[in-house]
Each structure stands twice: as C-alpha cells, then as structure tokens.
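Lettered A, B, C and D in written order, each chain numbered from 1.
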Amino acid sequence: MRIAVLGAGRIGTIHGLNVAASPAARLVAVADPHRPAAEKLARMTRAEVRDVDDAIEGPDVDAVIIGTPTTTHADFIERAARAGKAIFCEKPVDLSSERIAACLEVVEKAGVPLMIGFNRRFDPNFAELRRRLVEGVAGEVEMVTVISRDPAPPPASYVASSGGIFRDMMIHDFDMTRFLLGGDEVVEVHAIGSALVDPAIGQAGDADTAAVLMKTARGRICQISNSRRASYGYDQRIEVHGSKGMLRAGNIHRSTVEIATGAGFLADPVQDFFLQRYADAYREELAAFLSHIRSGTPPAPSGRDGLLAQRLADAATASWQAGTPVRV
Amino acid sequence: MRIAVLGAGRIGTIHGLNVAASPAARLVAVADPHRPAAEKLARMTRAEVRDVDDAIEGPDVDAVIIGTPTTTHADFIERAARAGKAIFCEKPVDLSSERIAACLEVVEKAGVPLMIGFNRRFDPNFAELRRRLVEGVAGEVEMVTVISRDPAPPPASYVASSGGIFRDMMIHDFDMTRFLLGGDEVVEVHAIGSALVDPAIGQAGDADTAAVLMKTARGRICQISNSRRASYGYDQRIEVHGSKGMLRAGNIHRSTVEIATGAGFLADPVQDFFLQRYADAYREELAAFLSHIRSGTPPAPSGRDGLLAQRLADAATASWQAGTPVRV
Amino acid sequence: MRIAVLGAGRIGTIHGLNVAASPAARLVAVADPHRPAAEKLARMTRAEVRDVDDAIEGPDVDAVIIGTPTTTHADFIERAARAGKAIFCEKPVDLSSERIAACLEVVEKAGVPLMIGFNRRFDPNFAELRRRLVEGVAGEVEMVTVISRDPAPPPASYVASSGGIFRDMMIHDFDMTRFLLGGDEVVEVHAIGSALVDPAIGQAGDADTAAVLMKTARGRICQISNSRRASYGYDQRIEVHGSKGMLRAGNIHRSTVEIATGAGFLADPVQDFFLQRYADAYREELAAFLSHIRSGTPPAPSGRDGLLAQRLADAATASWQAGTPVRV
Amino acid sequence: MRIAVLGAGRIGTIHGLNVAASPAARLVAVADPHRPAAEKLARMTRAEVRDVDDAIEGPDVDAVIIGTPTTTHADFIERAARAGKAIFCEKPVDLSSERIAACLEVVEKAGVPLMIGFNRRFDPNFAELRRRLVEGVAGEVEMVTVISRDPAPPPASYVASSGGIFRDMMIHDFDMTRFLLGGDEVVEVHAIGSALVDPAIGQAGDADTAAVLMKTARGRICQISNSRRASYGYDQRIEVHGSKGMLRAGNIHRSTVEIATGAGFLADPVQDFFLQRYADAYREELAAFLSHIRSGTPPAPSGRDGLLAQRLADAATASWQAGTPVRV
C-alpha cells in the first residue's frame, strides 16, 4: 500500500512515522504548505515532498491520509475520492454537518473507502472493553459514562475557531458512546457548559467544563463530562454498566512506582500527553485502515460515523445555547 | 441523654442498638405498633416498650429518634417538637415538600433541634473527602459526580409508594451533592429515567435507572446516576473535580483478598448491604446528633437540608416526567 | 458461658469488652493486680472485680481468658486447667518451649480446652485467603511470603524482656505460615537480623529488622520479613504462590479517599494501630473460642500450635545468633 | 555509531531492530551461523549479512552487540576488544566467574567500553524507583525484596545447560539488588531451592522454585524469590523498605479493563512475555549504551557488575547445594 500524507504537523507526523514503520505500507509522499515541516517528516521517513495536488493524484499513491487543518478536510476528501484513492481523514470532516453530508455523497459516488480518525476506538484498553461488551460479560448495556479531561486548556484563540468544546473535544466521547451502544442511537441530548477554567474561553463564547446527559432510542442513559484541565494528567475513562456487570477502562500511570510514607501511598500522575497516551491507538488505527483497504471491507469508523458524532456535537452545542434538550 | 426510638424495624433497630452501645446516651423507650418488633429491640437494649404517645411525651425522654414509615414522620416530628424534645428523623420528612415546609415551621416555633438522617454525610470515607475538600486540596469545585447503585431492585409494590426513584433513592445523592457544593446551590435539574432492570417498576410508573444533570448558581456542573441493580454489590462513589485536583472516595470490598490466575486478578465484590456499608456512618451520625444536642449547636443536616434535597428530588421527578430541565 | 478475664491492660480490655458485647457469653469477673485497671474494665462491662484466685477458681466461671504479662501465662493456665476451666491465653504461653511443653501436659491431663491467641488467623481477610486456599483456587502451595511491619519500634527497655523480635513479633508470622501450609511443617529455618531502626535495640541484644528463609518437609519455601518501623502504617501482608495461582491479602487504608494532583494519586496510609487493624479479628477469635467450648470441638489454634510456633521462633533466634540454618 | 549485531535469534533481533530504529546508530552488519536467521534480520533492518569475523573486525564497525549463546560470549568479547570495538554483551559473560574475570582483563587491557545487558535496570518503572531511592524519598534502605516469576518453565533440556536457576534466572535479581543497594555489597547468601513446578527440572539437577536471603556489609537484608511458573503472567516486582518510606514498582497488566460482576472485580493478567514487558527497557538500554560510547563515560552495568552478579549466583548455587550460607 503506497500512502501519501497531507499535513506534516503533530498528527500528520504521527501517521507518517507509523506508515514508515509499518511492514504493510510505504510512505511515498508528504505534503504540507509549510515546506520545512514537510521536509522534516520526509527526511525522517525517506518519503518525497510533494505539493498537495501531486500527493493526492499521484498514480503511485493508493491511499491518502489527511492530517491537515479541519477547514481543508472536506475539500481534500472530495479531491482524493475523485482521484479514486482510499482515504483516511482525521476527525472532523467539517465543523458543519451539512458540509459533511455533502462530502460523504461525493465519496459514496466515487466508491472509495473512507475512514475517520476516531483514534480512541483503537486504544487497546477501550478496544478490549468493547470486545468484552460484545462478548456479553456485562449483559445488556444500561448506562454509559465517559469522563475526558485534558491536562491543560488550549489558548482562547484556538477555541474561537475550534467549533466549541462539544465539536472539538467531546466529539471523541460522542463517537465512543456510539461505539459502545452498538447501534442503539442517541435520540436526545441535553448539555450544560461553563467557563470555570479560563474566563477567556468564556469570553470567546465557549465552555471549558461541560457535560451532557443523553438518552437512546431504547432508553439507555449516557453521561459524558469534559474538562479542559486536569492537574493530574490526561484523564480518559469509560464505564459501562450493564445487566450482568460493570466494565470500565481507564488511565495509564506514568510508571508503576508507588511510594508509601506517612502522607500515604502516592502513585504517579497519569500520562499527560495525548500522543503518548494514544500512541498504540494510532498504530492500531493505521493497521485497521490498511487492513480494510486490503480486504475490501468497509472501514470503521466510517464517514457516516463521523457525521453522526458531529450531529451529536451539534445537538449538544444547540442544547447548551438554548438551555433545553435537543432531539436528534 | 435519654432517648426514645420510634420504629423497631431495620433502621430503628440500628439506631436503638447504637444508642444502647453509646456511652453518651441511654435508650429508655422503644415504640412500634408491631409489638413483637418493639419487644425484640427492647430486649436487646434493656429498654422499655411504650406506646408512641408515651415514648414521645415521656418526661424521662430528652430526644426522639424517628425510624417509622415515611408517612408518619411529619406528624411524629410535630408531636415531638410540641413536647419539647430534640428530634432525629430518618429521611425524608415527607414525600411532599409543602408538608415538609409546614412541619419545619412547627419545629422552628417549638425551638427544638431537628436533625435529618442523611447518613452518608457521616460515612468516614465521604466525610474525609469533604474534610479535604474544605481544606482546599482540590481547589475550587468544578464538577461533582455521584454514582449510586443498589445491589438489587425493590419489589414493584414498594416502588409504588416510595415517591419514585428520585425521592426514594437519589435524594441521598442530592443531599451529598449539596454537602459537597458548600452553599453554591443547584439552580437547574434535568433528569432522565428508564425502567431497564425490571419492567414491573416501569409499569408502576417509576424508573429503575436514572440520571440527572444539574447546574449550580455559580456554573458548577453535577452529575448523578442511579441504578436499582448492580451485580457486584452496593456501589457508592463520589468524585469531585476541582481547579487543583480531583478527590474521590469509593467502595469497600468484602475483603482485601485477591486471587491471580490465568483469568486475571480477581478482587472481592463490594459490600452489598447498606447496613454493613454504612454501619460506621450510623454510629457517627448518632454521635453527631448527641453532640449537637449537648453543645446546643444547630444540627446538620438540618430540617432545611431535608427540605432542599426534597425539592431537588421534586424537580428531578418533574423534569423526568416533562422531558425538560426544571429550575429550582 | 460465664467468663473471667485476667489482666485489664490493653489486650485484656479488648477481650473483656468483646465478652460483654457478645450475646453468647457473660463477663462475670475481672482480675488485675493493678486494681484501678480492673475497676475500670469492670465498670465498663458491669462485671465484678476479683482477685486472681477467685477469678480462676470461682464456681460461677466456665472459662478464663488470660491477658496478663507473658511470665504469668503458664502458671495461670495450669491453675485454670486444674480448676477445670476452659482457657483462652494470649500468645505466647511462655518464652521457653520447655516450659510450654510442661504446661501443655498439665492441660492435657486436666482434659480442658485451651486456645492460644493467634488473632491474625481470625482476621477476615487472612481467614478468607485461607478459605480459598483450602478450596484449592491457588492449587498446591509452593511459596508463602509474609511481610509484617510495625508502625513504630517499642522502647529498648521492652525489647530486653520480650524474648527478642523472633519470639515477640515474628511468632505471629510463624503461626500464620503454619496455618497456610496445612500440615506440611517447616523443617529448616535460617534467620538474619539487624538493628537498623534503633541502635538501642541492637545494644539490648535484639534486632529490629529481620527475615527468615524456611523450607518445609515437602520442599515448599517460606519467607518472612519484619521491621519494627513503617512510616506508612501497620503493614500486614500475606502472599501465597501456588501451582494454579497466587493469593494475597493485605492492608486496610484509613479511608478510601484518593486525591489526584500534579504530584500523583495519593491514597491514605494504612491503619496504624493493631487494635484497630485487628478489631474484627479479636471479635471473631472470641466467637471461635466460645463456639469450640460450646460444641466440644478442640480449639484451634491449640496449645500445640502455640508450642510449634514458639519452636520456630526459637530456631530463628538460634539461627540468627549462630549464623547458620537450624533444623527444627 | 555503526553497529554489528552477533546473533539473530530472539534477543539479537530485538537489539537489531532497536538499532535500526535508533536515530543515533546504524546497523551495518548481522552475523549468525544460522544463515536464514541472519538474513531475515538483515532484511528487516537493511543491514548486511556477514560472518562473525567480518562483523567483529570490520573497519566500518564501531560497536558490537553480542546476542549469541552464552558459551560464545567471552570469546566474542575478547575478539571485539582486541579489534578495539565498543561492546555490548547480553548477560552473562560466562557461566564461570573465573572465565569472566579473565575476559574482563582482556577488555581492560584493550581499553574498550563494555556494557552488560541487565535490561531490567532500564525498565522505566524500575529506573524510576531507583531514581526516587537515590533522591532519598524512602530514606536509608533497610530491606530489598524482589519477586520474579516466569510465566512458564523452560524445557528440562534447556535447564541442563543453563547454569541453574540462580545463574540463569535469579542473576537478574542479584543485579537489581546490587543496583538498589548503591554500593553496599552483599556479604552473605543463603539459598533454598526445590523442584515443585516440574519434576524433570529436579531430575536435571536444578530447582524451579528458589529463594535467597542475603545480608549486606552494613546489615541490610535482601530477599529474592523466583518461580519458573506463574499462571497470571510474568511477575516482576521490587519493593524497597527504607527509614522514611517504602518504594515499590510492579507489573503491567495487559489492559486497564476491569469487569465487576457477582464474582468480584476482575483485572487483566499481567503481560506474560518478557520481550513485551521489557520492550521499553531494551530500547532504553541501547540508548544508554550509545550515549556512554558517545560521551566516553564508563558504561553501566559494567563488566564488573556482570562479574559481581555472577559471584552472587555462584554463591547461591553453592549455598543451595551445601545447605549453608556462603560468604561472598
């Protein structure tokens, strides 16, 4: 599988390095309007620097991985689809659900595979939790609880163009909730948000502390909470309560060292950088993408998964602004 | 301190035995319309069996502990107040907030101390969590998360007269949330509920799986979830996320034994009976009541705490029924 | 069952209070040469103060609980045996194994039941561990590891008359090891000891940090380590490694509260007072004693268990002094 | 840094891949008498296959990594030393301490750096434990406890040529103990061993379950226990008890998933393959080796560390066979 990576920033670099290290793929091209970034990644991976057009349309490219800024995603997806390439795109396809829907139509017409980068589905812990859920050890799902807290808030300037906490941060948790509900879709979302961490985030019209309460078609209950700041690391937890038992998966501490003194038993903070926390997830995600292309099975999470998570984020944003639950 | 206990059922017996074992009090009378129950408790505690009137009004009684069915609470409180007795009453004072308010007026007029039995405030773990919260180790509170799950659902017949899951079960969590928020009261409640555990509970007009999302006057966010059934024991957890850190307190396993085999590391289920889980809490609660009376300080949780928790339960019930958030 | 308690110090008081609180027994007499101590315990338990002779020989006494200083144990056991009383004696019967053996002969001749106070066998956690071991979940025992650390060292003056760390402290671990080995007795003991905590303990001829390595008749391996000081509480752990799995049981933290900050996740120290840590164990121990007397079954741990643990302590002491393993 | 790897088996492959992935080194040659193995590793790393002589002596080789069978180590070290190469050699240098000492003299005369592959020193958890120990959070070390259990026993045929459990398996724990004691060397070793896991191991003259009790020059106490089989994974634990506190580091579970049911709370087994458990350690070890060569600092663990650990293994073997403690 010959791959081009668009975007040589933090996330594009991760994907580029993973492609280069994969025995099942070869990184042929890197494109980034910021040339030094592209060159740096190309050097590390022995790939070629190209401009975006050549990277997308090159006849030696089988698949395109899109790690550019969000505003470019839908356009690049459409161009890659028309060029007949398999596509992996970082979430979200777009901040507008309408734009996403239009883009997915182009993809569908082109008949190319599209996978969306909800990396957490591939985290070994969360994937294992879901595997056991599907096996049935917890019985029928009754409640899903997701807690996600970033180690530190982004600058307020970032927030302004991020689409807001529900689309920028909680969208991962919406996707995770859908992943765990196994087809029983959320029909109602009620959101609350506050700017408790950084007043500047509030002034930018966003929240930094938020929670949603959701109900599915079959009456299951989902709770998600987000904070833009956790002093003790990058907090990523999932709990599913079912008729036969409770499943949970959680954080990874920086080490297993524990020190016991008169003050108590002190364990390490949890890993606080998402690229470290989810390093395995990114590798597994790429492997899944390659495997889907090779086998011809439809990629998951699909473009439609991207759209449905986005609709939940839209609903949450609307609910937060209106102060009432929103039907989906 | 000479005490009369009204009600010799499960909870009255706990209080009666704790009074009898306390060096700071003496159990003088036990009253229960079911005479054999009263006699049994009296025998265990060397107390006297009386009818309710004598128990409440006896000149040798300083304080009355009310552990009778809910429907009798307000009436007994008023009678004890008029008799000038200190009063401890199990939650709730009544299923109707109006009735509670009227009852509290009688108590206030009588000038007697009244304490409400929100036992969880006295659980050593939760009390310790709050002590540290007040000390400031977690900084400013931003989110409060409470998870409470009963080991097994009550019969649907009980449910019918219970006031519903929000008034019967979640009321403890409403009080705990208020206890942890330190005066920043909840102003909005949105509730969802489903009957996922036992359809008969749904047919009786109640939910067995429920969650609320709440906002305080200062924008803090609270999440509570309840289930009437947890296969692994009586699940009682609190988590407070603050500006400086996260505090949590949790369950007590049946033992510290762990068995490691090829299947993994298996720890015990958590204690599954509330009288065991909260045995220390009931003792501490009584000690606090006695201490308040002795020192003349106003008891906490007060009658007003009982009323405010009830109003949150009312709001949650109304929200659940209407499908919209309810202002408090 | 009518009980007399000899010794109204710390341990006698525990036993006296437990008898008084037991529905299956009545405390009739308390004896202690230090009269105010006896009076205090008698007051708390509504028992009578007697001198030792009357307490042991009183016709209204069915059983004697001996909680006096070690040097008096063997003598009181023999007197109680000759008086036909059931006997519970705190460990050890004596610091000399020969004296113990002689005493046990008197007991045997008298045909009275004798139980030795190895309280840890009755700790709910360790008892549960053993129950599962006997059930077979861990398969055949291969290694037993016991770690015991006191929160703080005793004064060097105490050490001088204590029989040394192996007889005074590790004897509990020797008994626990025997309890877990189920009849496969230790045949070789090698001990090492140092005075690392308090040089005065070394000057008094004792160690405050010690470990033994032992082998059983069937080749199983046992490791025990002791320290007279642990900054984080009273550390009491057992681990059994078997052919099918590993069983362990451990400490009880002061609360379940955990605080997560940039410094990490801080849990409470473990309980640091043996009377708190083993409060349940003392209650269960008394219940077992009463049950053995009532049912006529031979008490366990027996006088012989006391003797065999003492012989291991003797062997460890000899090994430590000689620097070579000692056969038992 | 241009590297040649000798041996393309399991461990040589690990080192070869790590060199190939390191930005600080280049793998130029792979040598293995089993040609297909060498070719496979060379293919994965784009290195050249050479015979051992060329690999060791090639002018384009700066350093040699020796991952061949133990019997060849000393010879290859000497040849590489004479060729002036930096050397990394898997433990042990030889099963004979005399041979090791002779080999180290050759290395010293040649003046080349030699590092021994005690990988566990580089495990992030154990390295972090030691870092904190050196910082002083635990105060003065009093006891070191190391528990190592393999997931499954090797074939008895392997055992016969392994040098025995103390030289083959416990040698890692001897080195770790020395690493943690910070210069206070062990002066006495007493070992016990049994064949409890597989009688064939006993018939081959070895033990599969073993423990040592050791004393240092300054009176500290060390306990190590080993088993060749643990049903729950590859068990690797260290605990250091000091004057101010206790430090411990432990196992890594396969995932963070936990399932709670009526049976209890089940966590995953621990990782059961040493190459997975110590994957990070091997990377860090290589990085340390490269860094030592680059900076000219003497590598640690040094050849002398290899010799001293071997002498402890010799002493343990002799003690086990003789049944008495052995002075070192």
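Following the convention adopted for this analysis, a residue touches a chain if its C-beta (ideal position, glycine included) is under 8 Å from a C-beta of that chain, and two chains touch if they have at least 3 such contacts.
Just so we're clear, the structure is a prediction, and the values are computed from it rather than from any experiment.
Q: B-C versus B-D: which interface comes out with more C-beta contact pairs?
A: Greater number of contacting C-beta pairs: B-C.
Q: When the contact pairs of A-D are compared by residue number, which of B-C, A-C or A-B has over half in common?
A: Overlap exceeds half of the contact pairs only for B-C.
Q: Hey, how far is the Cα centre of chain B from the one of chain C, in Å?
A: 40
Q: From the C-alpha centre of chain B to that of chain D, how far is it in Å?
A: Distance between chain centres: 57 Å.
Q: Of all the residues in chain B, which ones touch at least 2 other chains?
A: Residue numbers touching two or more other chains: 230-232, 244-246, 260-262, 268.
Q: For the complex, which residues does chain A have touching chain C?
A: Per the touch definition, chain A meets chain C at residues 230-232, 253, 260-269.
Q: Within their complex, state which residues of chain B touch chain A.
A: 140, 142-143, 145, 147, 149, 188, 190, 192-197, 209-215, 219-221, 223, 225, 227, 229-232, 235, 241, 243-246, 323-325
Q: Which part of chain A faces chain D closely enough to touch in the complex?
A: Those residues of chain A that touch chain D are 21, 124-125, 128-129, 132, 137-138, 244-252, 254-262, 268.
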